[in-house]
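So that you can tell them apart, the chains are marked A, B, C and D in the order they are listed, and the count of residues begins at 1 in each.
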Amino acid sequence: MLADPESAIDVACGKNGAVFGISSGKGYVDVSTVDAASSILISKQIKDTGALFLEAPVSGSKKPAEDGQLIFLTAGDKPLYEKAAPFLDIMGKSRFYLGEVGNGAAMKLVVNMIMGSMMASFAEGILLSQKVGLDPNVLVEVVSQGAINAPMYSLKGPSMIKSVYPTAFPLKHQQKDMRLALGLAESVSQSTPIAAAANELYKVAKSYGLSDEDFSAVIEALKAAKSRD
Amino acid sequence: MLADPESAIDVACGKNGAVFGISSGKGYVDVSTVDAASSILISKQIKDTGALFLEAPVSGSKKPAEDGQLIFLTAGDKPLYEKAAPFLDIMGKSRFYLGEVGNGAAMKLVVNMIMGSMMASFAEGILLSQKVGLDPNVLVEVVSQGAINAPMYSLKGPSMIKSVYPTAFPLKHQQKDMRLALGLAESVSQSTPIAAAANELYKVAKSYGLSDEDFSAVIEALKAAKSRD
Amino acid sequence: MLADPESAIDVACGKNGAVFGISSGKGYVDVSTVDAASSILISKQIKDTGALFLEAPVSGSKKPAEDGQLIFLTAGDKPLYEKAAPFLDIMGKSRFYLGEVGNGAAMKLVVNMIMGSMMASFAEGILLSQKVGLDPNVLVEVVSQGAINAPMYSLKGPSMIKSVYPTAFPLKHQQKDMRLALGLAESVSQSTPIAAAANELYKVAKSYGLSDEDFSAVIEALKAAKSRD
Amino acid sequence: MLADPESAIDVACGKNGAVFGISSGKGYVDVSTVDAASSILISKQIKDTGALFLEAPVSGSKKPAEDGQLIFLTAGDKPLYEKAAPFLDIMGKSRFYLGEVGNGAAMKLVVNMIMGSMMASFAEGILLSQKVGLDPNVLVEVVSQGAINAPMYSLKGPSMIKSVYPTAFPLKHQQKDMRLALGLAESVSQSTPIAAAANELYKVAKSYGLSDEDFSAVIEALKAAKSRD
């Protein structure tokens, strides 16, 4: 599960890349997190050898990976998908086949766009509850019991209240995914004002030096500065 | 469970209001959805009679109410809270005691603020997935399996995709709660850019005549107009 | 030119208010900056005496007032407007008659809403130019020569670059006007996402303790905090 | 004044490009509107021939060009700037020398970012004034007399009120510049929430089919749809 397009392209197509050891009858399943363009590039080179290609980025970060609870968002050659399915089932709890290469990456971006906005909104709620004199831990508890209960809130809320951000998904990656999702939206002239506002908060958090902390550190972007310079 | 401050005040303090039949040794539990100011007003009049007062707005709409799954966000006289608890437990699945009168209303606003932003973000995701050629039903399914899974998404997603909005929580009430939450945030100089952006979308939806449909109709605010006039 | 509704109401309708010394044949011109509701209240009490009423809030702050360059946004009794015109012309450079009482206040809010958004946008530009290595003074100069040249930019830009905010229009008043304008927009279901985003910045600036400095201090809300706590 | 990077690169570096007829002792002044990366690419190829290079994008659209009122935002070889100055002075009313290649493009993006936000804010004001029963033409007049008076408002306001958008600067170019400016801001982790919100409106306008009309058509993005589908 390579973290960026460059590494994924290098492993697949580089000097000692998979393309040199692959051929018709074989298949290449790429579980890296790359953008659609890189995925299409790798796909093309793999398929030129006669081999099959399956894009299979995952939804889920550190903990789900350790627990075999990943979700595979696959796209590409369906026969390869069917062959890979039993193996994906070992590593993950579910898998989706989404059609042509690039769709896996796009689905992941849409999911992460929603996730980024939700986290920013949750951060607003935590701080607002504190400022008006409510116990934010009670807010987290109330949220956990209603229609908006999401595992992410229960998992991250308590540490956010303590201003601790153990990194499961780095903030800079969340910001990058917001940017890519905004680009995707722009490519189809889709308005996404919530994601755009959330992206600005992740940018603020980055300017505070929080790029490598968990994306829940976005809450810092909403806190008042102690003093102005 | 009265829908607005005026009705709640009338029932409690009006011509035939509860204040005329209540006195020391008795208690008044108000499960209406009112703003903090109205709640404090009712509280004062009830308490002037010597009776106890408990503010007890609920989190949860039509379906949870029918199923006895409401969440009570109470505040006011603790002895009355303790006496009322067994009855609240029949109607709801949980209850919180939040201190002084007004805190129940504030907690509800914070929760609804997050809810409104989440729904607007989810709407962005559904439309974006459609526009880039993904099946939005698959998006709803993918979301339902990950860290951002919330009951609301699974419940409303499928009907939103069909542009159907059976009213559980009217859009105009969600917009009103966004506005009140923004006012609450402003009163403590708390920045809430996500909620502010979401509020604008609910306003657009209202201008489309969707006030009385479910708040999930906010998705209409993100769709391109067919033509300009 | 009273600063707030309370003072304006007191001077007009209070214990020693104008209403006790006014009567048919006379007129009351209120150049205070009040909201429409207060203006309508004062109007009613003045007119109950038989006197005429003219609402006449001004556009323009300290410097234009000193220079007799104010703009009067009047509404109410037209005969009084015509009588007052020569006097308004002494204090201001122009005057508008806008119809029924409340319209003067509404016009002022719309103008100040645009002004607040423009200033926030200008602040974004100044900081962005600095961060990418351009001289912000040159930006101010370039802006001053083109289609977006506004006197406000030339006046405030140089001091904003020096992080100095001599108060002509207090930031807290600008934020209040943004809030009132957003309320006005909501009353007619008009979406105003730019003003909503700008308002959030003024709120941030208020939380930094800049309420009484000039509204150009909103630029501080866009600067990265030195460190997080 | 070529409209896009591709044309500019082709004219400079293409099959029959300027690079083949240029050499030491000569100079190339590029008045195209390109991004910094393209400008740097052209610069490199020109300078490899021994010739000097000056990037000189203009601020100002159709009318200022016709009137010789353009503003040149130049960057690159200073000796060439000094030689070109008399010619730039014929076509434009002023010129700025901004240092290394890329700075001209960056300055233009910052200016256009402010312009795009200002126009979106102005559009909000026009519609809000209409909706609350004020005459938007009076708003345009009031604005023209105060601290926020900008030539663009007086020029475009009257036609915006009539929903007419004669193209001086195409909306799709304004949206592209907003996007590029947001990218520039992101590259230095600068938060720009106003520009981000404005960009969303230009995207909505594009989805309405208004790409080739003047960017003042962004006002359409704020109008309520007649009906939902």
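Keep this in mind: contacts are C-beta pairs under 8 Å (C-beta built on N, C-alpha and C of every residue); 3 or more make two chains touch, one makes a residue touch a chain.
Keep in mind it's a predicted model, so treat the numbers as computed, not measured.
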Top of the farthest list for chain D, CA-centroid basis, is B
Note: of the two pairs A-C and C-D, more contacts are counted for C-D
Taking each chain's centre as the mean of its CA atoms, chain A sits from chain D at a distance in Å of 34
Whole-Å distance, C-alpha centre of chain C to that of chain D, is 30
Dist(centroid_CA(chain A), centroid_CA(chain C)) in Å evaluates to 44
Residues of chain C that touch two or more other chains sit at 185, 189-193, 196-197, 200-201, 204, 207, 224
Within the complex, chain D is touched by chain A residues 179, 185-186, 189-193, 196-197, 199-201, 203-204, 206-207
Given the complex, residues on chain A that touch chain B span 59-61, 64, 71, 73, 93-94, 96, 98-99, 103, 106-107, 110-111, 113-115, 117-118, 120-122, 124-125, 127-129, 131-134, 138-139, 141-143, 145-152, 155, 181, 184-185, 187-198, 200-201, 222, 224
Seen from chain B, its contact residues with chain D in the complex are 163, 193, 197, 204, 207-210, 220, 223-229
